[in-house]
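Below is one structure, written out as structure tokens; the observations come after it.
For reference, chains read A, B, C and D in written order, and residue numbers begin at 1 within each chain.
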Amino acid sequence: MPDTPTHYTAFFEICLLLVVLLPLLSFVVSGRIPERYSWAVTFTAPLFLLISTICAIYVFTAVWHHQPYSAKVDWFAIGGTMVSAGIYLNDIAALMLLVVTFISFLVHVYSTGYMAGDAGITRYFSMLGFFTFAMLGIVLADSLLLMFVFWELVGFSSYMLIGHWTEKEEAAAAAKKAFLLNRIGDAGFLVGLMLIWTNTGTFDIVQLSGINEAFSWQTTASLCLFAGVMGKSAQFPLLTWLPDAMEGPTPVSALIHAATMVAAGVFLLARVDFLFTPIALNTVAVVGILTALMAALSALVQFDIKKILAYSTISQLGLMVAAIGAGSPASAMLHLFTHAFFKAGLFLCAGIIIHVLHQAQQQAHEHFNVQDIRNLGGLRKKLPFTFLAFIICGSALAGIPFFSGFLSKDAILTAITIWKGEAFSWKWMVLASAFIVSFITVIYTFRMVWTIFMGEEKLTASLPVVEPPMIMRGPVAILSISSVWLLVDINPFSFEGWLFNTLHSGDHFHIGAISILSALWIVLAVSAAYFVFRNKTIHADLLLNNFYLDKLYFKVVGKPSWSLAAFTDYVDKRWIDGFIHASAYAQVTVAHLVGWFDRAIVDGTVNGMASLSRGVGNFTRSFQGGKIQGYILWAILAIIIFLIWVLF
Amino acid sequence: MHHYYISLLIFIPLLAAAAGLFVPAGAAKYFRYSTLFVNLFQALVLIAMVMEYIPGQGIQLVEKKDWITLNIGTWGILKAEYFVGVDGLSMPLVVLSVFVLLIATISSWTINKNVKGYFILLLILNAAIIGSFTALDFLLFYLFFEFMLLPMFFLIAIWGGARREYASIKFFLYTLLGSVFILIVMIGLYISVHDPNYSGQLVHSFSVLNMAEASNFISHTILDPNNAWMIGPMNARLWAFLLLFMGFAIKLPMVPVHTWLPDAHVEAPTPVSVILAALLLKIGGYGLARIAFPIFPEAAIHFSTFIGVMGVISIIYGGLNAMASKDLKRLIAYSSVSHMGFVLLGLASLTPEGIAGSVYQMFSHGIISAMLFLLVGVLYDRTHDRTIVNYSGLSTKMKAYTALVLVGFFASMGLPAFSGFIAEIMIFLGAFKANSVNGLLHESLAIIATLGLILGAAYYLWTLQRMFFGPYDLKGNIAHDSIYDLTDREYLMLVPLAIAVLFFGIFPQPMINIIDPFAQNFSEFVLRAGKSLTLNP
Amino acid sequence: MVPVYHFLWLGAFLFCAGLMVIITKRNAIMVLLGIELMLNASNLNLVAFNQLHPAHLSGQMFALFVIIVAVCEAAVGLAIVLRVYQYYQTSVPDEVTELKD
Amino acid sequence: MNFVTILFYFFEAVAALAALSLVLVRNVFYGALILVVCLLSLAALYVLAFAEFVAVTQILIYAGGILVVIIFGVMLTAKIAGKPLVVKHTNVLSGVLAGVSLFTLLVYFLSSHKFFEDQKEAPPSEDAINTIGFGLMTEFVLPFEVAGIVLLAALIGAAVIASSIKSKKV
């Protein structure tokens, strides 16, 4: 329990600032490095992150189990009320701080190998630094507004990194989609902010947490915030961007789209847990479990290695969200924590496979899609290290005992079990779904491992595949080691370790029966996978296309808004401008009339002499038209006029 | 103590323009440098002004001189003054004007056609803009307001693109229509208002400050708050407010009186586009906040839902239209429509947040749109083609340009850390809060307005995807050798804007310090005055 | 005794008819006919006024001289018409605009 | 109403109708014939106005001379064109306007002026032709001679102009 070092030292504050600002510095420095010296970035950026990570470790140790650290400065006044920008560093935040900097550092190191020779490497590291900064901003922000700021900024850096290979059209489209779907969620977040501001007049999380009564607006507000989470953490219905986001470089997928950014949603939920009313929580749980189930099913039939991992990420995020909905942020955070390591590990392994196969392809001048697992097989011989790492991280994902994933999943299952209550209700279905999800997780993980590493080599047989350099293997090794149970607790069957106990406030939580049941369930799943699904390929277009959500959105939202845009264009050009033109023509007509009046009457009078003499001149000149009859006519008229003049 | 800061700001460009008349037209360099010098001098004056300015002290740096005093017998005395000053509303806009005009001058360096005429018109425009942002006498304001149209008309009509005549005439007619509306109300106000400082004598005053006091209205005149005339179904004050609103809404521009803007922008040369988007549109919002709302507070309250709805329509409609635009400049012009809709929404809320947000939005949109139009100008200078689909993968050839475009686009989308975000969040909060604070706008308006953010992201990202990402390719008649990255001059004008956008997005407080007292006073004044005046049916 | 104003009315009518013929016909010969008609109208007036002063015959004399001049005019006019017709291949006076300034 | 008056009205009507139809007719040849009718009826009117000599001259010179010449002219030009010479009307409006307005004007003045007082019952001059012949040789001898010269000049001139010698311009 927290003891009382009420004062944090200046050294601590400097370290904290370093943690946050060094990635920002990395962003600035990397961006300013001239193209000729772009190799320098591979030293500077990881170095900055290393220092940042070291500082983060110190900060973590200082804060963990202690009083939260908070500091704030005035930012700007909204309608006379000063909104502050500040840091609120409690246990959860410190943990996230550590995870983010650590994994970011590993990914930086890994990227120096993976991205070597890339034309946009400075931009890459720059954005990676910016992302880390923004992510740390989310973690540390003490107010919802500030969190929203960084929330959007990570979206921006995610956009930039997904679209890193600008020449790839799919990348640009995926980046756009990611940002747009995030924006939709953010709009909800914004509405939540408006509700909170209107009802409380503050965004400060600490102040907000003082609200104990359950106001009716809280349900709406919390669901609005949850809309933001749907976008960022790819929850149903905004989940379709994450599989597409795999167009980005693989380390990015590992860092942003597996370990940290997508987990920001879960972090947000954990942080503003107090706002959520029971109804809102139930909604969160249902959405979470639905997402987990849908994504797990989709992961089952994907062929692209990164897409499998992406769907599995969505599925795991769904589980975390469901855990929050079940009222146990601690178990969600635990799973977030373990997931960050093993999923990053898996992505980096996938990255290694893609990277080395690409290099081998370039040497052998062969071209096939290295990400398609149907083209792969038997790689365990050529890539033994990667195989091992993949097995470890995969086991953690599948939730096999003695790996971290087992424990955190156990925590979630326990949380849902407790939440469902004794009486039979729809909540049982959530629990059942959670079990089904963990079952399916085992199957697709097994399928992935089996197809890639077991059996005979397929298209890769002739390729000169070698293990990547140490710089890439190192981070993977660290992540793999972090995926075993020791990370959580010494007891491989109890998730109530240092982490959980700190985050969890309340009763003793652990139910031994669940652990055993879960372990048995996993073993069942593994054997089912081995005996039933080992060599089966499931073809289901529905699942392959993620329940056709994309098509649905395109038809229901994309196309109508596009036609609406075309319609407004039409309205502008035809109706409004048409009206304007019509009135302009009317005006011109009137103007002509007036002009005629001017010329014929006003000018005739005003410019009397001049125009009269000219007119008379022209008039008399017209007599000299050379037409005899004309002469006669004019003469006669003159005589008539003369007669009238003389005789009257 | 006498200050002459504002007069300096207004008259230095006019003097320079007058002096320029006597310089032979061939001395192109003279005109460029003299205009630049004037701008820099204005910047210096502005710095001094900002130092002198004390936030929260109402209207300051006032200069007041008799201008027209005309005894018209039994009708009293017509009195118009040279009455200028700045407060929390005009200060940000004056800062913006000086800054943007400086950038516009740098951007005008490439103008080669009739340099003399161009820069003289630019200087006149400069004076008129600053004049209308500082004038506190309605007649003076109107004078500057009208004065702005003329140089603008010629700048578009002479230095514009292919359909420049059409665009300039459309611009002129639209804004002239607005001016007529304003003129009508001005005459009505002139008849109805007397100057309380002259007892015993009937002195008709044009001072906006006098007009804002209900007690200064002569009883039983057309716009007397207590006995306003009935014209048709509404009383004359409501009509007057509507006329003023329409007059300024055309300038703003508000859907559906916005169609002059895309055409004017598409045809105008880059610096003129910049001034048009960054400054002229602001006159609309400024006029509403300075004139329409304080003088007719009860009408402002009466019509607040209408104004808010029009704002939201502008936001959505502008966004949709931007999405359908095929021309890059047109797209940005429509995004301006969308963003100025936020100004309306914020003003309609009459909450301090909303008002401050509106003023901040005007300021921030000024910088951002200036940047965006300059960016379009950069591309147009090179290729003379603005069709979006004719470009692809520009990021590979124009790295720095793409970076700045990203800054501009994301700033315009309201990404945090850029100034637009601060403004929009304040407007959203204010508009949402209005119902519970003063019961004016329904919450749903703010919620619908968030669609504007999504639309903004949609059209900008789509544009980025089409023009800057993907494989490098040029269609149409664009020569490949015409594509090159930014020049030093272009850096010089774009980077300060980017820095300003970032600065005011990250450190908004210096500006909000100036705006906030005004916003609070304004909201409090309009609500109090508006509610004290009973609307006769 | 026929009242003199009958003659005068008829003369006026003939004169105006001749005038109309001159102005409206697009043929030189018709124009000549019109001129003849007008001359006759004046002759009629001369003769009619001569009735008022039967002692003097100046009116009739004048009428005679008018007839003589008319003969000359007709002869020369017709000659010109024929000549013009040969030259311009038209007898439409409008198409002969050599007199134009 | 005596016989003379009826004759007068008759010839007056004939002359007026002929003049009117001359205005309306479009065939030049018919026009010439109508003019003959008109001139003949005018000659009759001259007789009624006690101007027998003028009437005779009218018949001889106009109907017999000028009109024959004109008809010749018509036929000559018509021959070249190869079809009946039909004329088009031009300046109809202004022509009618001028004619009608002049006519109105004249009728107005004529009716406003009383000629009745001046009109005496003129004695039928028994020797009008005598008097004319006498007058021509005495009082009007100079005009008479001049008229002769004019006639001669016109004769020569007409012959020269109408002769078929090609001018240089053709």
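In this text, a residue touches a chain if its C-beta (ideal position, glycine included) is under 8 Å from a C-beta of that chain, and two chains touch if they have at least 3 such contacts.
Source: prediction; values computed, not measured.
Chain centroids computed from C-alpha atoms place B closest to the centre of all protein C-alpha atoms shown. Distances between chain centres, each the mean of the C-alpha atoms, put A farthest from chain D.
Comparing the chain pairs A-C and A-B, the larger number of C-beta pairs in contact belongs to A-B.
Between chain A and chain C the centroid-to-centroid distance comes to 107 Å (mean Cα coordinates, whole Å). Distance between chain centres (mean CA atoms), chain B to chain D: 88 Å. If you average the CA atoms of chain B and of chain C, the two centres end up 83 Å from each other. A separation of 35 Å divides the Cα centre of chain A from that of chain B. Shown for chain A are the residues that touch two or more other chains, namely 629, 633, 636.
In chain D, the residues touching two or more other chains are 90-91, 94-95, 98, 102. Chain B has no residue in contact with two or more other chains. Per the contact rule defined earlier, chains pair up in contact as A-B, A-C, A-D, C-D.
Taken in their complex, chain A has these residues touching chain D: 629-630, 633, 636-637, 639-640, 643-644, 647. On the side of chain A, the complex with chain C involves touching residues 621, 624-629, 632-633, 636.
Listed in rising order, the residues of chain D touching chain A in the complex are 90-91, 94-95, 98, 101-102, 105, 109. Of all residues in chain B, those touching chain A in their complex are 170, 173-174, 256, 259, 262, 317, 320-321, 323-325, 351-354, 356, 393, 395-396, 406, 410, 415-417, 421-422, 425-426, 428-430, 432-433, 436, 443, 446-447, 450-451, 453-455, 457-458, 461-462, 464-465, 468-472, 508-509, 512-513, 516, 519-520.
Listed in rising order, the residues of chain C touching chain D in the complex are 1-10, 12-21, 23-27, 29-30, 32-34, 36-37, 40, 43-44, 47-48, 50-52, 54, 57, 59-61, 63-65, 67-76, 78-83, 85-87, 89, 91, 94.
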